[in-house]
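Here come two complexes built around chain A, the first alongside chain B, the second alongside chain C.
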Partner chain A sequence: MDIVITDASGVTKAELNGRLDTANVNDLELRFTAGIMPKAQHTIVDLTNVTFIASLGIRMLLTTARGLASRGAKFAMFGANPAVMEIFETTALSDIIPILQTEADAMAEVAG
Partner chain B sequence: MAESEETQIVTSANALDLIAGDRLHCLELVVGNDVESRFVVGPLGLKIGRTPPADVVIPDSSVSRAHCMVIVRDDQLLVSDTGSTNGTFVDGVQVTEPMVIPVGGVLQVGKRMLKHEWRTRGEINHSNEIDRELEKAASYVKALLPPEQSEGPIRVQWLYEPSAKLGGDAFGYGRLADNLYVGYLVDVAGHGAGAAMHAVAIMNQLRQRSLPNTDMSRPEQVLGTLNELFQMEDHAGLYFTIWYGVYDVQTRALTYASGGHHPAYLVLPDKSMATPLQTRNVMLGAMPAMTFTQATVTVPESASVYIFSDGVYEIIDKAGKQWAIDDFVDLVLQPTAESESEPRRLYNRVYEQAEPSTLDDDFSLVVMTFE
Partner chain C sequence: MPANAQMGLRLELPKEVSAVETARQALLQFIEPSQPDGGVINRIEVVLEELVSNVVRHADQATRIVLSADLCEQGLLLWIEDDGAAFDPLAAQENAPFDTLENATLGGLGIPLIKRLTKSVDYERCGDINRMKVLFAL
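Coming up: the complex of A and B.
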């Protein structure tokens, strides 16, 4: 499981790759959180190359989104494939975190 | 100067010998970040394989019957492949001749991983003590689960297999009022002690059949109250999903709600159809002041409802396919077996088809059959 965190125009962008399963979340969570939370700025997450997401992966995203919200920063995701989107629909995660189709949509969401 | 260096080396070696004398080489079978089993490598070494007479038996199709052999020589751990099909690797390097497994190194046997740890007897004893405490905790969790029911208006069979020593799943059922019966399944994100304690706290609320200002026969209210009681900020960042249903034996109406949970399935007795029972609600604890919805279905005579956790179907099979819930429903619609209970049949079929490393979540399945 790879993660690439970059910074563009005051927005943090995190790109996740691979399976976000229990084992990978255990390895990844600290890097994900440490790469995003200290900046306390709007954040978008690219899920284009995520093939699966387990409940611990959802918890990681949810915790980060809520942590940012408490500091006045927005959080949005984009690019989920149909299988990952189905998991988000089951949990109704999109009622809490905006899940958009494209990076431009996600940028517009956090900028708005 | 040369003598001085030699002396230093000898002194260092003696010191290591003393430390080594108090330490044991261990191989720890790991799943994710959890240690599933620990094996101390003694003077005779350990044979690793899929079946006895191996000393370390790993029942995994990627492991050969006699896969490899590990010995201690000059206080180092050495591994030799004994003709395995899928190979033996140390930190990613294939073993073609006896190879040292460094302390902290990972021995890969087929697709399973064993970590080399060099532990004191005190550490091992302490770890064993923790294991015993976890087993007691696991017994407590299991004691909260109700017994199966073979008689009455609702017959119930279930199977509960936590992936770690302690799981984050729990379920219950029973009479709620004169004509009303309740059934529910809770799945806390994650497993281990924290998730298990959270599941127990939720279970104990539901077992009392009472929540503040809540009509327990209305699933939407139950989920709303639980959501307020168990917000993740107040509970170590844990959220959970739930399926909760109430059945009226007079009207045969099953009223249900799911919070972040996949559907339960209403299955006809001839297994000709499985109807998903789900209402779209967020998982519980994720956000306060959410509104929850419920739905009602009429249960045909002798139909069954299958309630389960996502660990039942979130696997990768041996062909490399990531399962979705429909793959599991296909199994549900296959005939029941006379030789094993329905939950056990489904567990065995999933277990047979899954890559073992992907069986990393709790497996909880409740089958309720309505008279």
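Coming up: the complex of A and C.
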């Protein structure tokens, strides 16, 4: 599991690549939160290259979104493939975290 | 199946995180001849992940996991067994559905996922074994 975190116009962008399964989330979670939370700024997550997600991955995303919200920062995701989107919808995560089609949509969501 | 199985898949796994991937690869190979579509495969993978990782992470007294699978008229039957203390994960009360980000409960997502992604899910205690049985339509 690979992660790239960059800063784009004051918005943190995290690009995830691979499977958000048990083994990978165990390895990734600290890097994900440590790369995002200290900045406490609006954040978008690129899921274009995420091929799988289960409950531990959902929990990681939810934890970060809640942490940012408590500091007044917004969190949005984009690019989920149909399989990943089905899990977001099944858990109702998509009811409480914006999941958009494109990076531009996600940027507009957190900027709005 | 799972005792004295003559057909299907049966795989003993160590109680460690690597068991999840080992189980996934074996099950994908087993169901490949049935050519399920990508959505079904993803649901099977998610449920398998939840079932095996639950044992790995929470069944403190368990020493081994057994994955069994078989095809039937209704679809794919999957069993996950462990030798830990008796525990029925289906008996736990589900968390309230997400309504706001602030109120969202962080844990307890796996069992609701299993229930919603399968045709049926059952638990039974057989001697000193916990057995979860799930059915998928293919």
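Everything that follows uses one rule, which is that the second predicted complex is superposed on the first by the 112 of 112 C-alpha atoms of A that agree within 3 Å, B and C clash if a C-alpha of one lies under 4 Å from a C-alpha of the other, contacts with A are read in each partner's own complex, and residues count from 1 in each chain.
Rule of thumb we're sticking to: a contact is a pair of C-beta atoms (placed from the backbone, for glycine too) under 8 Å apart; a residue touches a chain by one contact, two chains touch by 3 or more.
Since the model is a prediction, treat every value here as computed from it, not as a measurement.
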Which of chain B and chain C A:A40 touches, first, second, both or neither: neither
Those residues of chain A which chain B touches in one complex and chain C touches in the other: 21-23, 26, 52, 54-56, 58-59, 62-63, 66, 83, 86, 90-93, 95-96
Interface residues, chain A side, partner chain B - complex: 21-23, 26-27, 51-52, 54-56, 58-59, 62-63, 66, 83, 86, 89-93, 95-96
Contact set on chain C toward chain A in their complex: 17-18, 20-21, 38-39, 42-43, 45-46, 49-50, 53, 56-57, 97-102, 104, 106-107, 109-110, 112-113, 116-117
Residues of chain A defined as touching chain C within the complex: 21-23, 26, 52-56, 58-59, 62-63, 65-66, 69-70, 82-83, 86-87, 90-93, 95-97
Chain A partner contacts - residues on chain B that touch it in the complex: 31-33, 187, 189-191, 232-233, 237-239, 241, 260-262, 278, 280-283, 286-287, 290, 310, 314, 322, 324, 357-358, 360-361
